[in-house]
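Here it is, the structure, as structure tokens.
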Amino acid sequence: MNTEARAFDWAEAPAIATYNFAYLDEQSKRMIRRAILKGIAVPGYQVPFASREMPMPYGWGTGGVQVTASIIGPDDTLKVIDQGADDTTNAISIRKFFQRTTGVRTTTATTEASIIQTRHRIPETPLTAGQVLVYQVPIPEPLRFLEPRETETRTMHALEEYGVMHVKLYEDIARHGHIATTYAYPVMVQGRYVTDPSPTPKFDNPKMDQCPALQLFGAGREMRIYAIPPWTEVTSLDFEDHPFAVQAFDRPCALCGADDVFLDEVIMDDQGGRMFVCSDTDHCNGRQQAGHAGEQET
Amino acid sequence: MTTPVLSRATETADPMPGVLVLDDVTKSFTLHLRDGLTLPVVSGVGFAVRAGECVVLGGQSGAGKSSILKMVHGSYGVVEGRILVMHDGAQIDLATADPRIVLQVRRRTIGYVSQFLRAIPRVSALDVAAEPLIRAGVEPGTARDRTAGMFARLNLPERLWSLPPATFSGGEQQRVNIARGFLPDLPVLLLDEPTASLDQKNREVVVAMIAEKKQAGTALLGIFHDADVRDAVADRVIDVGRFAESPVAA
Amino acid sequence: MPAMQDMAAEQPLMSVRDLTHMYGNRTGCRDVGFDLYPGEVLAIVGESGSGKTTLLNCIAARLQRTSGTVAYQMRDGRMQDLHALSEAERRFLARTDWGFVHQNPADGLRMSVSAGANVGERLMAVGQRHYGRIRETATDWLGRVEIDHDRIDDRPGTFSGGMRQRLQIARNLVTGPRLVFMDEPTGGLDVSVQARLLDLLRGLVDDLGLSAVVVTHDLAVARLLSQRMMVMKNGRVIETGLTDRVLDDPQAPYTQLLVSSILQV
């Protein structure tokens, strides 16, 4: 992640020659790195930062992009996913953005990436020490559902007044008979801060716990950065009589046969035909190449 | 506190000065809305009520009989003088007592049967009457049983017991009030015309109940307009008229 | 004198001395002092602008005093100046040992969640994590404030004004507070609804042995709920004493005016 590690040949990227490495100027990167370091020092705490205008609209991952831009170096290998896929518009745009502004190597393989920027998923392949997972976060404040005042939510975090989080879960059970929150399921980080895991499916929550990789969260519009350092305890909130449970799927992936992954529903035609496949395209491809197969070959 | 030295106005020089002693008590009202007009009620009131005795306040309407009872009960303030009562084994002066002491005295020492029942919405007659007993620590079931017994004795129709007394007739309300005042065994009982709206049969019941209280050593202080009842219960009648003063402007 | 010694040994739950709150140069309340003992209900009466709500907010630590002290007997028995507590301690006190009943129920309720969640919130805030038991307690409390248990999953927006107020009371009492502050608890309710609420409050205060400070401009509310009252005017306490004595034998000119202004029905 050291920008000095390799001499960058500006001539190789004439179209962006007037931009700094990774688009942001070095002072902005320093400011964002400070926020990241503070976030790592206080796991789960939302650090305010002076979010910059990025050449993409809010909601497209400006927070994650700024975090990635601040930590990326010429030796890094970048993977970008959106809903688990490497080939969706958002993932492709961001990958191209960093290819043009940094010239770093990109990959779709989870195991090869040093930085993975993600929207809505954590890869199925277990992350390893030394990797950094950068989340794009739309709303960093888990308490906002019941308490719209920012001054009040900050006080609540400071004083660990988290009863209201369980009110949300209580409402779920009262209305649906079970905790119906499936995305952005609130977690407690290191027994201290209640944190929004970004809109990942709760299926991915257990992967955050004791994760060997560093997890960084950037919310551009909301101007907040937070972090979960490697090997941090992350627990999902629940009730004793309604314990946290991940989604269960009643069938394996139609392409690779995996039965321990998060599946997406794919509509095949306008006759009601559909199939369920891995949301993590890299994981699915890897399994297929290794000879695994589902019921439905493509 | 030592035995009080009673002033000249006090009627009795008994070595056993009584459970309740009024010593040179003065009451007047200052009407600030009428340019500070002072309305004198009584002054120099002095008498004692001993255990087992029923003292009746006599005198014309407006002489200040009810005011004296209200001062003893604490709902009127005392302008001058002392109202001494034996409370929890010690003598205290109600004229200057802290409100909390007055509340405690009402729970443990001085019972009061007012002229009118202050009806509480939605609370049944039985619960209204049993409340002081329950507050005094009697188990609620026992308290209600004892209340039911007294209602029966006062000929209060049983169909009324579970109803709130707000819609009762005057006589029915009065009997709820009597039960409420007579049920706890307190050393002093104040009676403000308890028989005013009762028929002959129920008056006799109340007369008998007063006799029982005297027997049990209760000191009673009361107002009775009905001469028959007064003659039947009074050990002494104190003419309040002699404590009266004529109005003076401030 | 055993009785007097008993009284001396008993500590007030709250002890207020020389309490003053200024809004700039304007007086909110000035030099107020009183002791509130366990199980006592104190009414603060006065007209709008008399400073009674300012006083309530000061003693409930919702407003910074300008000077004076408000000491509170903590659960371990020691008297603690509220303003010396940390914000964390004050807020903890406010959601466990105290209740605050607002005149407008919407100020004291979460309108976006169900009645059950409203009642259960304080339990969850003190760490209860068993849904079934939280719901059981909430059901029990709805019953105690006379709300049908089948309304437990309805939002307060679907409730009548009286029901909302009763829900707010249940939400406050569920953690067994020792002291409840009430700001015009019957304000804005129809007379018949008021009577029911008052009667309910009276019963709850009795059954639970609660202490309460009730701000009201309605002398009937003061008569029914409180043993002692304070009359305020222009930020100062002008008369204090037993409720029935202040109402039956008022001394201060203003109190006499207040008492004589009640419409007789």
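Letters A, B and C name the chains as they come in the text, with residue numbers starting at 1 for each one.
Everything below uses one rule, namely that a residue touches a chain if its C-beta (ideal position, glycine included) is under 8 Å from a C-beta of that chain, and two chains touch if they have at least 3 such contacts.
Quick caveat: nothing in here was measured; it's all calculated off a predicted structure.
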* Report the most central chain, judged by the distance from each chain's C-alpha mean to the global C-alpha mean. => C
* Among the chains, which is located farthest from subunit A on the basis of C-alpha centroids? -> B
* To do: Determine the centre-to-centre distance between subunit B and subunit C, using the mean Cα coordinates as centres, and give it in whole Å.
  => 32
* Structure fact -> Cα centre of subunit A to Cα centre of subunit B, whole Å, reads 78
* Structure fact -> Per the C-alpha centroid definition, the whole-Å distance linking subunit A and subunit C comes out as 47
* **subunit C-touching residues of subunit B, taken from the complex the two chains share** => 1, 29-33, 70, 74-77, 87-90, 92, 98-104, 120-123
* Residues of subunit A that touch subunit C when the two form their complex -> 146, 155, 158-159, 161-164, 166-168, 170-171, 173-175, 238-242
* For the subunit C and subunit A complex, residues of the former touching the latter -> 87-88, 91, 95, 110, 112-114, 116-117, 120-126, 129-132, 134-135, 152-153
* **subunit B-facing residues of subunit C, complex** => 1-4, 6-7, 37, 40, 195-196, 198-199, 202, 224, 227-228, 241-242, 244-245, 248-249, 251-253, 256-257, 260
